[in-house]
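Given below, in the form of structure tokens, are the structures.
What follows is subunit A paired twice: with subunit B in the first complex and subunit C in the second.
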Partner chain A sequence: MSTGSTFDRYQHGDSAIHRLDPRVKVVITLLFIVSNVILPDGAWPAFAAAWGVLILASALARLAPAFLLRRSFLALPFALAAVTVLFTQPGQPLWSLRLPGSTLAISDAGLVRFASILARSWLSVQMAILLTATTQFPDLMHALRHLRVPGVIVAIIGFMYRYLFVLADEAGRLLRARAARSAGTARGSGGGRLVWRARVAGAMVGQLFVRSFERSERVYNAMVARGYRGHLLTMSPHVITQRDRLALALALIVLAFIQVAGHSL
Partner chain B sequence: MYLASAQLHIPDGFLSLIIALVAWLLAVAALVAAVHRSQAQLDERLVPLAGVMAAFIFAGQMINFPVAGGTSGHLIGAALAAIALGPWLGILVMTAVIALQALLFQDGGLVVMGANILVMGVVPALVGYGLYGAAAGRGRRAQLAVAAVAAWLSVMAAALLTALLLGFSNTVSFSVVVPIMLGVHALIGIGEALITVAALSFILSARPQLLQRSAAAGGRGWVAAGVAVALLVVVLSPLASSFPDGLEWVAGETGFLESARAAPFELLPDYTIPFLGETALSTILAGAVGALLVAAVAFVLARVLRERGGANNDSRVTPGRP
Partner chain C sequence: MPIQHAETIIDNLNGSRPATVHVANLHFRYPDGTLALNGVSLQVAHGEKVALVGPNGAGKSTLMLHLNGLLQGEGNVEVGGLSLTKEHLPLIRGKVGMVFQNPDDQLFSPTVFDDVAFGPLHMGLPEEEVRKRVQNALAHVGMSDAASRLSHHLSIGQKKRVAIATVLSMDAEILALDEPSAGLDPRARRSLIGLLRELPLTMLVSTHDMMMVRELFARTIVMDGGRVVADGDTATILADQALLEAHGLELMV
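And then the complex of A and B:
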């Protein structure tokens, strides 16, 4: 059903981007996203420049050219919600649709606003994908700790990552057992009334809850037996090198240029 | 249904910077209190318990059931986490789920993660646990009935908050999105209520003692706050759906919308004045002061709740259960 590789988004490699300190990568990613968010609507040259930076970084990381694009359509369902600004932003009407009772008009300002929201979100998602693809998850967690995210929260996320695969397999076994015991109908409704189907799924969730809770007790006992005292230790001390400082400075300069271009052109 | 429920994860670029930062401040305040309270209660047991239960929520979301026409419903889990694990632990667990989904799968943004934590962690803890706590000590049927309402309302509250955050960022128009969000999530909420109740019913039969810790984790403050937020949602939802222009009017009257919209774009208004123009500076300062005030209120509330909660814990160690 599910194996480790289903969830792992890391693309193994040994490029300049892979070797950057994870802290620096996290900071640059956040700055890049903030930079997109504060670009004004319709700053197309600046959005294009930001995309150029992404393409360059993706090439430096030796990822397949279409890799970021392929993974970047996650934000699309949300874009449906933003479609509404097309019709409600005041401006020159570009195109109108006559409906019985009212007219829907797309304004030029609405179109610019909509396209800008999409551009911001699409660029930001790609940068986050690049971060995840070039940084191993434990390194990412270590970086968050260095960046003063409370250790407890980082440890919880790290633990969750460790047990994601285990519990997804557990859920997969429950699903397989249900499939084996219930003959599906041709239309795939699964039989029974809707409420009954929902209750079966709910009881499975309850079962998974009990198993997870008990597993967490076993894990805790095993950890205490091995000397756990409330924090996790690591053996890879990340050191910021001259190269990392250079990369951060370069990123700051490029983002500053993008901002200047976006606000003055 | 599956796609629609994913819509609660706001991606980057859909919220204005000011809104995202205010949401972060509120989320951080809630998280600080949650870490504090959970550590006091669980000590070094906290990390394995919260980590494994966060993975449980993630895996639980895989358990789906066919609805109709090829769509399927599945658990969101925020209400279940708050009810079954207690509000503080529920917030931590949902935060881990949201952070991992954003970091690993880019499902939900990084800069807007604070907003997602508020929407999917803090609000369901308030509404879900708050309402459920009101039925603590009652019979099994009453508890499950209240849990159903709590799960449904927590989905509605999350949907309403998402729509409001998007609306105030001028990413969507209130008049269209508030009714659509509430309409769609009224249906999703029914699925969530059914699964939550069935799961709770199973846990009550199989391991009732697991739920007792959660019942002791909150306090009367949670019930009061939960009932208040739930009432707000119940009153606000129909109002917001039928008079969505009212929201835009409120936003315009208070000047909130203007500051929310203008500040990010005026951060670097014109290069004749280096960096901050006077108006932008004042808007940002106003935003920062407002955010600090809200954070201060949240901290004070958290402290009051902690003291209350502590007193309550002593008096009701084992809530009566059939």
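And then the complex of A and C:
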């Protein structure tokens, strides 16, 4: 019944990475992403070094070697949005396609830029995956809250996370109810025509919306009943230790090295 | 200091004890025009455990929502000697622990700890006190080792227990439970009944579970059509076949 594991990205473990304070992990992840973004195009040794850091961290977290790689492919299609730079960067044409009225040419500079964008997004996504794989979602939210992310945004993320599971269960029940009544006859196949299916799916989305809307009212009642007056309060169950400070310092040094390497080559 | 009003001193079956819940001539109409409460009057004495039964749409849940001011109809509602007014609302919400029917509505935080801490935190208690209360509340419902678990990983029976803990941590004096045994398997239901029996709190429990009523509550209030149609000793009410049939209730023996 429960769809728990469908959305949970957390990989249970008790490694050095798992035990780091979530705030430190969030900050390091953000710094890592920023560092990737400001590396110049074609700084391959620096990108390779960043990848090395990732591999090391994922090994420290005792994740399976291919874990990050496998999950990261999910986000790769988004990098395809950058495919236009292949054709728009001025430079030596490597390959061209003649179209009626114009020519599409891939330049060497365009290729380097495209590959760099791909590398940046791919590394950043892997780091984010590492963060969510080693940090429980509630800890992540506490971290955001205590890093001064506006409370409303954190609360929305929190409710989304909590009720995603409830909604998914509800959607599952609706789907099952549809399947149970999508009987076939001896003459025709079961399941109905495409238009009919589409109409049922549309109605189900509407149903889900109405149910969620009604639920939101009940949840709000439950909050008010326990003293909610417009400000969400949470407690931080975490304390920054010496180890956390060390990890943060180490990360800063490594990222600084990567930057120096990237910009001097 | 609670103010003692002369009229809140009532005589009931158990002798003379001050009423902690006092509802007089309460009317409520939903915005869509449905008259949900049509002159409800009842009193619950301190420490009393009362069952509230009646068909769907009788007004049970609507009445419960009035006890801590989530709905405000016409009439008089007093809790622990405080009349239900805007100034008293925060105090009254601390006194009345509402446990809603669906635990997924009650447990809105990601972890069990966060949910049980929600009430005390929003009462403005210091963090140390909050932690202590969360521990105590979870221990009371037998869920001590679940503090760091995620609410959606719990079974329905566990969710119900945690839902009760979320109001125990507020140090509620009165528990208002809406259909606590609905949807539970026999074992979870049995353990919930045990829990309710042991909690030394005033309780108003809306339910269709007549077997639980007979087992747990000395007093029963029957509602139908927005009114209290019977109020008294559970054994007497459950023996009144005509009354039960007239209000769509049945007790299988």
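The criterion applied here is as follows: the second predicted complex is superposed on the first by the 219 of 265 C-alpha atoms of A that agree within 3 Å, B and C clash if a C-alpha of one lies under 4 Å from a C-alpha of the other, contacts with A are read in each partner's own complex, and residues count from 1 in each chain.
Operating definition for what follows: a residue touches a chain if its C-beta (ideal position, glycine included) is under 8 Å from a C-beta of that chain, and two chains touch if they have at least 3 such contacts.
This is a predicted model, so every value here is computed, not measured.
Should A:Val166 be classified as contacting the first partner (subunit B), the second (subunit C), both, or neither?
In the superposed model, A:Val166 contacts both subunit B and subunit C.
Quick check for you: in the superposed arrangement, does A:Thr134 touch first (subunit B), second (subunit C), both or neither?
So A:Thr134 meets neither subunit B nor subunit C here.
Between subunit B (first) and subunit C (second), which, if any, makes contact with A:Ser35: first, second, both or neither?
Neither partner.
Counting only touches as set out at the top, which of subunit B and subunit C does A:Thr88 meet: first, second, both, neither?
In the superposition, A:Thr88 touches subunit B alone.
Per the contact definition in the header, classify A:Arg199: touching subunit B only (first), subunit C only (second), both, or neither.
In the superposed model, A:Arg199 contacts subunit B only, not subunit C.
Determine, for the superposed model, which of the two partners subunit B and subunit C contacts more residues of subunit A.
The partner that reaches more residues of subunit A in the superposed model: B.
What is the contact status of A:Pro150 with respect to subunit B (first) and subunit C (second): first, second, both, or neither?
In the superposition, A:Pro150 touches subunit B alone.
First (subunit B), second (subunit C), both or neither: which does A:Ser58 touch?
Neither partner.
Counting only touches as set out at the top, which of subunit B and subunit C does A:Arg226 meet: first, second, both, neither?
second
Please identify the positions on subunit A that touch both subunit B and subunit C, taking each partner from its own complex.
137, 158-159, 161-163, 166, 215, 219, 223-224, 228-229
Any idea which subunit A residues touch subunit C in the complex?
Spelled out, the residues of subunit A in touch with subunit C are 2, 4, 136-138, 141, 158-159, 161-163, 165-166, 215, 218-219, 221-229, 233-235, 237.
Which of the residues in subunit B come into contact with subunit A in the complex?
Per the touch definition, subunit B meets subunit A at residues 3, 6-7, 9-17, 20, 31, 35, 39, 43-56, 58-60, 62-68, 70, 73-75, 80, 84, 92-93, 95-97, 99-100, 102-107, 109-111, 166, 170-173, 175-177, 180-181, 191, 194-203, 206-207, 210, 264-265, 267-271.
Tell me, which parts of subunit A touch subunit B in their complex?
7, 9, 29-30, 33-34, 36-38, 40-41, 71-72, 74-75, 77-78, 81-82, 84-85, 87-88, 113, 117-125, 128-129, 132, 137, 140, 150, 152-153, 155-164, 166-168, 170-172, 174-175, 188-190, 194-195, 197-210, 212-213, 215-216, 219-220, 223-224, 228-230, 232, 259-260, 263-264
Can you tell me which positions in subunit C touch subunit A when the two form their complex?
Those residues of subunit C that touch subunit A are 65, 68, 70, 90, 93-94, 96, 98, 100, 102, 104-111, 113-114, 117-119, 121-123, 127, 130-131, 150-153, 166-167, 170.
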